[in-house]
Amino acid sequence: MTDTLDRTGPADEHDVAPRTLGPAELAAVRADFPLLTRTVRDGRPLVYLDSGATSQKPEVVLDAEQDFYAQRNAAVHRGAHQLAEEATEAFETARHQVASFVGVADDELVWTSNATAGLNLVAYAMSNATLGRGGDAARRFALAPGDEIVVTEAEHHANLVPWQELAARTGATLRWLGVDDDGRIRADELATVVTDRTKVLAFTHASNVTGAITDVAPFVARAREVGALTVLDACQSVPHLPVDLPALGVDFAAFSGHKMLGPTGVGALYGRRELLEAMPPVTTGGSMVEVVTMESTTYAPPPRRFEAGTQMVSQAVGMGAAATYLAELGMDAVAAHERHLSGLLLDAVASVPGVRVIGPTENVDRLATVSFVVDGVHAHDVGQVLDDAGVAVRVGHHCAQPLHRRFGVAATARASAAVYTTDEEIAVFREALAGVRAFFGVGD
Amino acid sequence: MSTPMEQLYQQLILDHAKHPAHRGAQEAYDVEVHHVNPTCGDEVTLRVRLEPDASGAPVVGELTWTGQGCSISQASASVMSQAVAGVPVERALALSADFRELMDSRGVLPEKFDDDHLDEALEDAVAFVGVARYPARIKCALLGWAAMKDAVAQAAATTPEEGR
Amino acid sequence: MTDTLDRTGPADEHDVAPRTLGPAELAAVRADFPLLTRTVRDGRPLVYLDSGATSQKPEVVLDAEQDFYAQRNAAVHRGAHQLAEEATEAFETARHQVASFVGVADDELVWTSNATAGLNLVAYAMSNATLGRGGDAARRFALAPGDEIVVTEAEHHANLVPWQELAARTGATLRWLGVDDDGRIRADELATVVTDRTKVLAFTHASNVTGAITDVAPFVARAREVGALTVLDACQSVPHLPVDLPALGVDFAAFSGHKMLGPTGVGALYGRRELLEAMPPVTTGGSMVEVVTMESTTYAPPPRRFEAGTQMVSQAVGMGAAATYLAELGMDAVAAHERHLSGLLLDAVASVPGVRVIGPTENVDRLATVSFVVDGVHAHDVGQVLDDAGVAVRVGHHCAQPLHRRFGVAATARASAAVYTTDEEIAVFREALAGVRAFFGVGD
Amino acid sequence: MSTPMEQLYQQLILDHAKHPAHRGAQEAYDVEVHHVNPTCGDEVTLRVRLEPDASGAPVVGELTWTGQGCSISQASASVMSQAVAGVPVERALALSADFRELMDSRGVLPEKFDDDHLDEALEDAVAFVGVARYPARIKCALLGWAAMKDAVAQAAATTPEEGR
């Protein structure tokens, strides 16, 4: 189908070929991940191809958390004692690590419990502004009937349902860009769907189903033309690609720790400083206030305004360690390795009769995330047979029902790789996949 | 000894999945229900009509279903349909409870399913014992049963004993 | 002042004296907490009296998290592979551990990122209901101008500001119960402040400042009389007392993992089943939906409806381990030990001239949490001198500005104990406190 | 060698805290500001009046403050008031920047604060170097300075060069 096997070079010939991970380096990386050595289903070596759902964690991340709890656990930004000082320092260092990983200033990065919470934060800030919270400064976030929110058919539910609900709360209208037969968002529809009525354009940087990477520039350009805010779902891009959010020019972006080798329970929301400064708070409580009386409350500046209550301190520290780990490997090298894996995955799937890819079949501008259907076999049954061979893939709609509906399928199986995935693992996957149709007695 | 996978996908299950019984959408029915398996989004739409038996007690009459799902769900709906067709409503609900118990068994056959105690209506259903070892698949096997239980209960509640 | 020293017996003479922790048992408990062995400020043994802010964590909690990441980390409730099954099992087992710790059913317990998030969840569900979300079933949660929300002057900002904001969003009016000179909520005001107009009564089970434990019964009785919902801030009670939420009869209750020997980044919201079932979702996204189209979405039943996106799985597992650890010690024994400590703390503070307690000075119905002011010395300066002696206390308003204003002080110092606190530590605290006024040259 | 604690609470600081200079609320002022230390809730209210010097350039005239806070914050506001009273606005802002640098020093005296380079207006302010070792206290020491900077900048922006 494509001649992408072993294609690790740059998509653009004018780039310098990025460094990829050599075999020794990859072996060293794998040795950092304790879980990768375990076996499943009666002793089969685990082949973990579900990193798109959640990644495994290197020892440095576990150690960072363990060390925090064993050495400096205390409430941050409170208390005069030494532990509290050390905990605060660890927490803010982590913020710096994650912020600089995506090229933003420390005070433009808000901790959230996951990417979903980050996207909801923006949506609720807008409905609070609509109800007059945050006063005049926040009026730019207010919506009214006639205003439009634009999303895309490629979105994860996390970047769709919050906007449906925001529309329902405010009377605004939800519109969306379609996807083409390769699963790419139709940028050609920007001119007609994004209009002067558009107040927000929310879209994904990379699809967790098709693996398609969005060329962000035309989206941002069109949004600026009409004065709409841009919200980027960076969940699948930040773990796998070098991402510089200010260079992309988006207003907001959300991503999760657990997908980028970090802990569960933590994520981050980036917001341009002037926007965060004007935005009313959403979750309220301790540590995000200035003066509280029984009657009313004034709020702290960002990012604290959006961080109510005791934060996921240990998890932030772990996410900081994960960002540092990735930065030390080099995101160019990570992306090059994964582009190589993406080619192998596409070839593996193409080599098995009766298997159809949902998403780009060429190894260009895509992640090492390949979703597919097997003729005559339900995705869950496919997954079960792979599981029996030790291969962990995800099956179902991957929290993207509309995208599946667009392709006329209810469920797909998805193989998704990460920096620690090897060629050999993809070979095991291929072999198991080749046996699926025979197992269920379909095909020839 | 067969592997857990072979126990999961017993031949009987694969056969039912390939040739499911009672698939369709009958014209005449008392109740139609639509159930979704939230983990995967698969769905079943089931129609049922109750009929009074000789004593006037309600009995499951015609029952058909459509929908999409994995082989486990299709086979289970098929086996379910055959198990409850023509049986009194109360018995259908009891069979459903028995099947649920089988699913909660974690793969250890409950006594009521061994050869000495088995209700013959559940003969094919026993094949699903292997599913109970795979927690993520239990909802697949229950989808059709849950729809039937809901539909039959609704129908029984709205249909007076003396079938009109 | 009081003769409460060594008072470990029951407040009510008719009770059987509860088991307390013997010296060997306490030593064993302390050995479970790695951080307690560290030193601060040039080698002084740490005396950690800031458990009211956040508790330290026993090794079993760290191990539970470590084991989760190293052995069964995967996305839960998704995927057909073995890791996903094991992760789901660990997550739901943790739910059962925490739910049964407070006497509720598993499906009445919603994971949140902290208690603050739990309280906000209820407040936002109510404003969503007010905007028509959740339809007829949710109408009981809707508010309108004329409706009243009642809180108390003793609340942590987490149980005050969300209700102020809810009032601002819906046009409802915020009212409050005062506190008496001992810092106890004035239950005698229930009759006049809680009326037919009251739709919610939100109050704390135990104050994080005064340590006063609320007698919940009259609050619930009055709320039921007028048909108001009750929301209990159980942050400070669940870690220190046996708590049976259904027996208390409240409708909702929130608490945090990090205060009860568990990880940061996780908390729980209890809601009575029929209420959770009727409540519209707040944070929306993956894993909490049923059918999603571009136009609209239907939602899963509780508790999942309120758990959007990838959950804090590892932290839930840690919180489950913490609940199990406490349950194994026995909450009666924990409470008895802490009642003993409370007596010691009160005596320590009473023995130093120029020190005034904010809160009950009798060792009855109170936690081992003692806030105080030192005549002529600002709380932060007090804390600094204690810190120099290795004693970690918290200083400031403890996220309860109105309560401090009620007592005419801007800040207090607070010593708060937990199950691992010893008599000797309180003696060190006493001695350091005794030197404070001399250090600043005040007093005689 | 003195301990970090002794360096934090130098005698000069304790003295200023006990007998703070410029505490009060003057009647005549160009600008009043109110600043809060969010970590503790302590507050300072500061009033300032600018006056033109011989050349007409604005100079900090009368300056008073009230508020509550810890000894560090009280002493620092006192030292700040003495440092800026009567100095040109630009110099007051420069002193404030210098003090901020001292606070960011983590306890290692920056060159501009050593004996050879020290601006004499900051003579007492050097005593605060010990604060920089205690991150939680830096905001205490900065509270008065931040209020002054804000007030003076506001006053300078609204008062034309030729003082009216």
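All chains are identified by letter, namely A, B, C and D, in their written order; residue positions are counted from 1 within each chain.
Throughout what follows, contacts are C-beta pairs under 8 Å (C-beta built on N, C-alpha and C of every residue); 3 or more make two chains touch, one makes a residue touch a chain.
Chain identities (UniProt): A, C = Cysteine desulfurase.
None of these values were measured; they are calculated from a predicted model.
In this assembly, which chains make contact with chain C (Cysteine desulfurase) and also with chain D?
Correct list: A.
Remove chain C (Cysteine desulfurase) hypothetically, without shifting anything else, and describe the chain groups still held together by touching.
one piece
Between chain A (Cysteine desulfurase) and chain B, tell me the centre distance in angstrom, where each centre is the average of that chain's C-alpha atoms.
Here chain A (Cysteine desulfurase) and chain B have centroids separated by 39 Å.
Rounded to a whole Å, what is the gap between the Cα centroids of chain A (Cysteine desulfurase) and chain C (Cysteine desulfurase)?
That pair's centroid distance is 32 Å.
Once you find the CA centre of chain B and the CA centre of chain D, what distance in Å lies between them?
Each chain's C-alpha centroid was found; their separation is 79 Å.
Rounded to a whole Å, what is the gap between the Cα centroids of chain B and chain C (Cysteine desulfurase)?
Spacing between the chain centres: roughly 46 Å.
Which chain B residues sit where two or more other chains touch them?
39, 41, 134, 137 - these are the residues of chain B that touch more than one other chain.
Counting only residues that touch at least 2 other chains, which ones in chain A (Cysteine desulfurase) make the list?
In chain A (Cysteine desulfurase), the residues touching two or more other chains are 41, 78-80, 84, 289, 291, 380, 384, 395-396, 401.
When you check every pair of chains, which ones turn out to touch?
Here the touching chain pairs work out to A-B, A-C, A-D, B-C, C-D.
Could you please specify the touching residues of chain B with respect to chain C (Cysteine desulfurase) in the complex?
36, 38-39, 41, 134-137
In the complex, go through chain B and note every residue touching chain A (Cysteine desulfurase).
Spelled out, the residues of chain B in touch with chain A (Cysteine desulfurase) are 3-5, 8-9, 14, 18, 39-42, 68-72, 134, 137, 140.
Give every residue of chain A (Cysteine desulfurase) touching chain C (Cysteine desulfurase) within the complex, in rising order.
For chain A (Cysteine desulfurase) paired with chain C (Cysteine desulfurase), touching residues are 34-35, 38, 40-41, 46, 48, 50, 53-54, 56-57, 61-62, 65-66, 69-75, 78-84, 113-117, 119-120, 124, 128, 131-133, 153, 156-162, 164-165, 168-169, 174, 176, 256, 258-259, 263-266, 281-287, 289, 291-297, 308-315, 380, 383-384, 386-387, 391-396, 399, 401-402, 405.
Looking at the complex, which residues from chain C (Cysteine desulfurase) come into contact with chain B?
Against chain B, chain C (Cysteine desulfurase) makes touches at 77-80, 84-85, 88-89, 289-291, 300, 304.
Inside the complex, what are the residues of chain C (Cysteine desulfurase) that reach chain D?
It is residues 41-42, 377-381, 384-385, 388, 395-397, 401, 404, 410-411, 439-441 of chain C (Cysteine desulfurase) that touch chain D.
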